[in-house]
Amino acid sequence: MVKIIGIGGSLRTNSYTQLALQVAVQRVEALGAEVEILDLRQLQLPFCDGAKEYLEYSDVQRLRDTVRNADGLILATPEYHGGVSGVLKNALDLMSFDELSGKVTGLISVLGGQSNSNALNDLRLIVRWVHGWVIPEQIAIGQAWSAFSPEGKLVDEKLSQRFDQFAQSLVDNTRKLRGVN
Amino acid sequence: MVKIIGIGGSLRTNSYTQLALQVAVQRVEALGAEVEILDLRQLQLPFCDGAKEYLEYSDVQRLRDTVRNADGLILATPEYHGGVSGVLKNALDLMSFDELSGKVTGLISVLGGQSNSNALNDLRLIVRWVHGWVIPEQIAIGQAWSAFSPEGKLVDEKLSQRFDQFAQSLVDNTRKLRGVN
Amino acid sequence: MVKIIGIGGSLRTNSYTQLALQVAVQRVEALGAEVEILDLRQLQLPFCDGAKEYLEYSDVQRLRDTVRNADGLILATPEYHGGVSGVLKNALDLMSFDELSGKVTGLISVLGGQSNSNALNDLRLIVRWVHGWVIPEQIAIGQAWSAFSPEGKLVDEKLSQRFDQFAQSLVDNTRKLRGVN
Amino acid sequence: MVKIIGIGGSLRTNSYTQLALQVAVQRVEALGAEVEILDLRQLQLPFCDGAKEYLEYSDVQRLRDTVRNADGLILATPEYHGGVSGVLKNALDLMSFDELSGKVTGLISVLGGQSNSNALNDLRLIVRWVHGWVIPEQIAIGQAWSAFSPEGKLVDEKLSQRFDQFAQSLVDNTRKLRGVN
């Protein structure tokens, strides 16, 4: 069974990025994939200093093991200063080819202003660097404060459909590329 | 007098990025600029969670004050996974327009493999996002392990000349754009 | 007197890109700069084949001479497929360091859908490659069909203000960087 | 049978880009794919003006039909000014979702100086824009004048192996993603 890990790159308490990730995860689950969210707000990760081992931080190993055993990823980032958040990039820096190569990834970005592809472009090139796949479908949510209902549901029907297409593509193509069900 | 702050995005003990930053800083100083290095290995910075204040971390304020009072910046990053290090991006995430807008920046990247402009491209777009200037001259050091002598000097004369041009452009153009001496 | 050349990367008859370029050019002129538009619809340029000379195309020399004698540039491009138009990139390919190095450039992109910075990012990195400067202020016009009045004026006051800031920055900073009036 | 089209973005007579494309095409063919090269030096293509039809240029239709009927693409570009050649971008501008969406693409860039990923990054984002796939394996050939023997063979064994991996990935993954043999 195809296994997808979601990682959200925001540490904010009421994070739209984490909301968007949850929406994506639910839709991927509905298509029969096994999904797990790694919430960086609950992991104790150090800043990456280029070392291979971080023995004092067991969550580094947990992050690495969880991602290595997955077929695919959803990476969701707030767009900070027209780029991926340092928090998410640092989590990716703590992994490498062993964990990320050959995985199939879907990308989501969230920002307060007008939507933009900068952080998505960054992530696409970063994932490529470690020889991962990135699906063509991607989601940039602008003016995030107006995108969700108080219950955390997407207000806009068209955006909701994009999440459907995103989830479908991620699950279908992870199955094809990884040869799993 | 023109004031330049150097920030190195590597936390490694024997960091080639920090070495490269020191070389650049010395050359900028020799041209009559006042220079200070903010060593992220010695600052206690939190992961950015999008908050405005980080009262428990006085180094956030120190970072912000130091950069806000400068005319220009040297940003040096190791290239991790074809991008800026999470460590440096996080430090930039902790600042904003107040600190970075209108500043004049020079960019350096360092990597173990063949040199590349990916991290430099990232930084150029990030600095632009907060309305900073980036000088056209930039330095990517590939195969960093072979670039420095045991005393931390540049082995290659051509690369050394690039540092001279980089420093000259940074100081000259910061003076022009900022109207300082 | 500071001299700015505007180049529009669209060959369409009723081109929003050319309209946007005209708006920018008028505002730059109002600030006391000398401005000339090179309309690629009226130049006979070949596809660049990497040669140095294109003796059969006198407009190549005209393009090169005009840009070489300028202090600054406005490059306006339609965003085709999330990138700069082939037409504009080809015109840039026909020039090199001799024409573009040290020039100060402002960037505008125009697209039918939601605005985006991809083509602007491309152009920023391309201009850097030939050692040109790019001002931090840039303009992306989304849904271009709704941006202009029938008389070719900007409908949205905020967007109009961005053009003012863009023009001011381009003229001011070209003067500073080039040491002209 | 999986069908791959190669397009080279250089019009130079003795083009290293076209040489690199031929090497890639031969290896893809050896893996059982049907391959055809569209040589832009032999097609009569206009500059794209955003129109849908180019009735005076039958080669536009030939380009579109050939690509639409393919499963995958090899795009090879000279890196001009740190970007994809205007020639290749223009050819892509003449196509759209109909031709490019869902296709699986491998990317090659060739330049005279030190190798670089800028043009590859551009192409990756452009192909994504029209909802194409790009394989993680990509090839940047620096100092192209020293890469080929007089007979047009690759001099460096390691680079030759990269072409093997590139071809293998392109053929394997096109088969998987497109469900063809």
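Labels A, B, C and D are assigned to the chains in the order they are written; within every chain, residues are numbered from 1.
Simple rule for what comes next: a contact is a pair of C-beta atoms (placed from the backbone, for glycine too) under 8 Å apart; a residue touches a chain by one contact, two chains touch by 3 or more.
Everything numeric in this text was worked out from a predicted model, so none of it was measured.
Trainee: Among C-D, B-C or A-D, where does the A-B interface recur, judging by over half of the contact pairs matching in residue number?
Mentor: More than half of its contact pairs match A-B, so it is C-D.
Trainee: Return the distance between the CA-based centres of subunit A and subunit D, expressed in whole Å.
Mentor: 30
Trainee: Can you compute the centre-to-centre distance for subunit B and subunit D, using the mean CA position of each chain? Integer Å is fine.
Mentor: 36
Trainee: Quick check on subunit A: which residues sit in contact with 2+ other chains?
Mentor: 82, 117-118, 121, 125, 128
Trainee: If each chain is a dot and touching chains are joined, what shape do you get: line, ring, star, complete or other?
Mentor: complete
Trainee: Where on subunit B is subunit C touching in the complex?
Mentor: It is residues 101, 117, 121, 124-125, 128, 131-138, 173, 176-177, 179 of subunit B that touch subunit C.
Trainee: Please name which positions on subunit B make contact with subunit D in the complex.
Mentor: Contact set of subunit B toward subunit D: 82, 114-118, 121, 142.
Trainee: Can you list the subunit A residues touching subunit B in their complex?
Mentor: These residues of subunit A touch subunit B: 10-13, 15, 47-51, 78, 80-93, 96, 118, 122, 125-126, 128-130.
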